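In the two complexes that follow, subunit A is the common piece, with subunit B as its partner first and subunit C second.
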Partner chain A sequence: MSEAAPPVLAVEGLRTRFGAVRAVDGVSFAVARGETLCIVGESGSGKSATALSIMGLIPSGAGIVEGGSILLAGHGELRGLPDAAMADIRGRAMGMIFQEPMTALNPVFRVGAQIAEVMRRHEDVARSAARDRAVELLRLVGVPSPQSRAQDFPHQLSGGMRQRVMIAMAIAYDPALILADEPTTALDVTIQAQILALIDGLKERLGSGIVFITHDLRVVAQIAQQVCVMYAGVVVERAATRALLREPLHPYTKGLMASVPGTRPRGALRRLPAIAGTVPNLARLPVGCRFRNRCPSAFARCAEAEPPLAPPVGGDPDRLVRCWLHAA
Partner chain B sequence: MTAPLLDVDDLCVHFPVHRGPLRRRAGTVRAVDGVSLQVFPGETLALVGESGCGKSTLGRAVLNLQPATAGNLRFEGQDLLRLGHTAMKAARKRMRMVFQDPHASLNPRLRAGEIVGEAFTIHGCTRAEREAGVAELLDLVGLGPEHATRFPHEFSGGQRQRLGIARALALHPSFVVCDEPVSALDVSVQAQIVNLLMELQERLGLAYLFISHDLHLVEFIADRVAVMYLGRIVETAPAAALFANPLHPYTSALLAASPSINPDRREAYVAVEGELPSPLNPPTGCAFHPRCPMAIDRCRAEMPPLLAFADGHEARCWRAAENLDASEPVTP
Partner chain C sequence: MLDYAIYRIAVLVPTLLAVSLAVFLVLHLVPGDPARNAAGPDAEEEDIALIREHYGLDQPLWRQYGTYLVRVAQGDLGESYRSRRPVLDELVRRLPATIELAGFAMLLAVIVGVGLGVTASMRPNSWVDQAIGAVSAFGISVPVFFLGLLLMLLFAAKLQWLPPSGRGGWANLILPVTTLGLPYIATFARVARSTMLEVLSEDYIRTARAKGLRGGAVIWRHALINAAIPLVTLLGIYFGRLLGGAVIVETIFSWPGLGRYMVDGIIQRDLQVVQGCILFFATAIIAVNLVVDLLYSVLDPRIARG
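Now for the complex of A and B:
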């Protein structure tokens, strides 16, 4: 990506721990304005913990962000900010969209009032003015007849409409950064396509940077400019979307891509190329490369030390891979 | 032509809806409304559609787990809707189900061996038969005999789904309904389970009714596909024909909304407008017409029948023939 514009968000060496489990173990990336960066990984990869760390929502007592820096344009370092200051940034400079809109919305308040509450939390605005703006936001996110929908309770809306309400809340203050954690995973493909188109349109309109967390490489292919592939708490590969999907370098990325049905014609032997084994227990990681126990290309060096995240030797200097096959 | 293993004819599952303090009947949800389909021995029929279209209700109804309101249901030549209790219990050995969520569908208080072996007890097998059966089933799904004494929480998601499959295969069924069996699993584990299901099908000659919303997976796994919309089948065809030449605009919309892993195909990724209408108050005529880019006046007024085209391709659309390259509908 071009280095001209300073990034909206720059994460460097982020480390988050839940007890003995190092859920995020040195994650770095940057997002520019108008850019979508996808963090893709399976359960236990640390992708959601990364998002929660950026938002300052790691529950104290359960976990701790113990290292690294999180720089948000115009606000500086977020790590270590007091809760009150973080609460001001969330919802204003940083919009958040979660996976399950039914649990993220309060079931006993009308959705219009919940959107208005976001505004009343952040500025001194009359209740009626906030309500009017809530209706405007609902119109902006494509909710039909927003005036009457604003009077609905969350359970009266479909999953897609609830997710639109969440998005309306997230964009109330034209945030520079939108963090979306699996926002379409609970939705049907038809509604997923609608919501992804909406998020993409808003990105163009607001010029926000988007960090989009997903487990689905097909979603990545459709929306992202940049991709971080996470495995067991670390980024194993980072590249521009086209470069990554055309020529994945890390054996894990290759395995993930191959196991997606529809990437190759159905052969005589009706089998999907699967990755053997399961995601390792983060409290008992193997020594060396975290993926080596499942890796078809593992060799002696993989057990000795963890490979660094570095440009592939003799390859594209704009991409990074954490694998001894591509390291010096 | 071989006889179908499962023959569903004009099956309906209607749910009454009651409202108000007197619980007056306020309407009917026609979750499954006149569905006919056949599953042949050893084949995979995939059932696809959005949530709320009735695909899971249909999956339960063909196993007679959900009583049908009307219609006919024949399995291995027997009329399931008119079987007595004993005969139904015997038929259940031959038709089983794999559930979506391996966390919710396994009893957390039972050990793996008890979960897999329950069917042997219910059907009066001896303890020795049961123990041999459990060991064989665990081996069949890639688990070891040492797993029999563990509880569900000690397994990973993929292993739990292997247990769910082992349970379904007890007592040699010929037909298994798989209701979204991999959608709760991680991508890399999904492939393992899909492969296991295909391998078992080849070894044991199983027929699957494979319920899924993932069209790419369906294209890979299915021999034939039925597309459901608001309680009815709107298109059915051999998998290759359906994906090469969808005749119903809803099928085309589902395909366009299924993201491709190719980043150069973003132009083709298009969202169909609107959402599934309320099944309490379905649209007149063709249920898809409010969202359909091809809708004409006739679609608003009249429900189209399933029109038959070449090679077992059927579509419930007045304009289906226009989507076909160059042939006329055969008489429905």
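Now for the complex of A and C:
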């Protein structure tokens, strides 16, 4: 992040709990205008819970955002805002794109109407004007013959087209912040590349800050300027993309990178290494480092206390890592 | 869509034939001589034979059925042995009373039932939800005849707020409609609650909220339309039961509708009346279910143009 651009989103010490499960346990990061930050991690690492907490979409009966701060440029602190005030911000100052375009669109409404609904909600526009803008948005996100596609129901569109519809909905108001929760995971590889290019292009055109959640490091390499690696509800490593991919510091990040096909030198066929074990039960976390049970480099100190998220000793001061191997 | 409708209407013909055959056989195979019944206890054998001949009851069963079918196709449901009046005329004369009763009961069940169900689903397991659940359990488990008598006793006999029986103004409607509708309010409330809970956990509901839609728009627009399909199915299924309930309610409240006409016909062993009523009810139920099936494709675009 450059010094000149003030962050569009600054998250500080965010904590979200579902019953006894601390899904997000003190997460901090910031995103500038025109910047993409990727949050990487396995299922259950708290990536989606982080995004939903920012949007204020944690279901009220199930979970609660209990601590930290979410600052959105132009709107100030979001945490603790009543839902009515959040609803005014959602879809306008920030938009979200979800993972499953198959289920994320309402099956009984035409897609044009679903996009137009955003405008009808946030300003006093005539039905026909909103519909025209929906068609315009469809054109902007690269849907061919948008006029007639707007009349389609979701099930009449392909997965890639549906995801473009989702994106059109999210960017209706050129939002300062776009949250994308694994938007390409459910798509074919070729479509994935198109959607990634589209989102990347929108960032340039709209100047939005993007928080992009993925478990795919190849996606990170393509679109992100910054990366947060999450594990069991905490950030274990945060760095500029290039620095992180060139030299991962945390053993978990190293494990993630080793398990990506094609990132290792060519040679004889070999079994892809996987990180042994699974994410710990977030309701009963082990004492000390959360990763130590699966860590190949764990030593005595890891069981004593949780390491702080801090710049590595003797390393790049602009990056952060949560590991005793790199702590003072 | 149109092809489908035509197909469904064409399929009605064999269905109705089967229904008419079943009704005809059941009523003609039950013990008892309709001619003897019609003639009365003191009739001479000669008179009975005359009646038998007049109504064709001396013919073989298959020929009776054939004649019956031809007449039904011409809109003739026979005439009552007692009153000597055409059954169809009597049905048509009493139909408005039953439509009024069943229609308002259904309306009450849908509006109040769905309203309660949706309200309960918004705060699952809260005291509101539990109170609605308790009322539903009562509504489902209490028998119609008991509820009817109870309401009549309380509001007509004790408090004297409402007339106990008969058809007339709005006041006359309240007790029978409530009696008939309450079990369905309960059923609709339960099904609406569970389908809404299911729909509210769908991804597209989260999308709707992510667009900034407020709670009301999310629930009444995005969720309820998707929850409507199971509810409409229920409407079709329960319409038949509602007509059955109407038979009881009309009898309790002396409501001059089809149900009471049929019950009177049964008590008097008036074969043509019973036969006509059952055929009419069956046709009505089939027709409503046809409408329900066609409604699906209107509600859910994924079913249409399949």
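The working rule: the second predicted complex is superposed on the first by the 323 of 328 C-alpha atoms of A that agree within 3 Å, B and C clash if a C-alpha of one lies under 4 Å from a C-alpha of the other, contacts with A are read in each partner's own complex, and residues count from 1 in each chain.
One rule holds for everything that comes next: a contact is a pair of C-beta atoms (placed from the backbone, for glycine too) under 8 Å apart; a residue touches a chain by one contact, two chains touch by 3 or more.
Note that this is a predicted model, so its numbers are computed, not measured.
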item: Touched partner set for A:Phe98, first subunit B, second subunit C, both or neither; value: second
item: Which superposed partner A:Pro107 touches (first subunit B, second subunit C, both, neither); value: second
item: Partner touching more residues of subunit A, whether subunit B or subunit C; value: B
item: First (subunit B), second (subunit C), both or neither touched by A:Leu245; value: first
item: Touching partner for A:Glu12 - first (subunit B), second (subunit C), both, neither; value: neither
item: Subunit B versus subunit C as contact partner of A:His122, first or second or both or neither; value: second
item: Subunit A residues contacted in one complex by subunit B, in the other by subunit C; value: none
item: Subunit A contact footprint on subunit B (complex, rising order); value: 50-51, 156-159, 186-192, 194-195, 198-199, 213-217, 219-221, 253-254, 256-266, 269-273, 275-276
item: Touching residues (chain side subunit A, partner subunit B) in the complex; value: 42-43, 158, 160-161, 188-194, 196-197, 215-219, 221-222, 241-242, 245-246, 255-257, 259-263, 266, 270-276, 278-279
item: Subunit C residues touching subunit A - in the complex, by the definition given at the top; value: 124, 202-204, 206-215, 217, 222, 225-226, 299-302
item: In the complex, subunit A residues that touch subunit C; value: 55, 57, 61, 83-84, 87-92, 95-96, 98, 100, 103-109, 117-118, 121-122, 153, 155, 166, 169-170
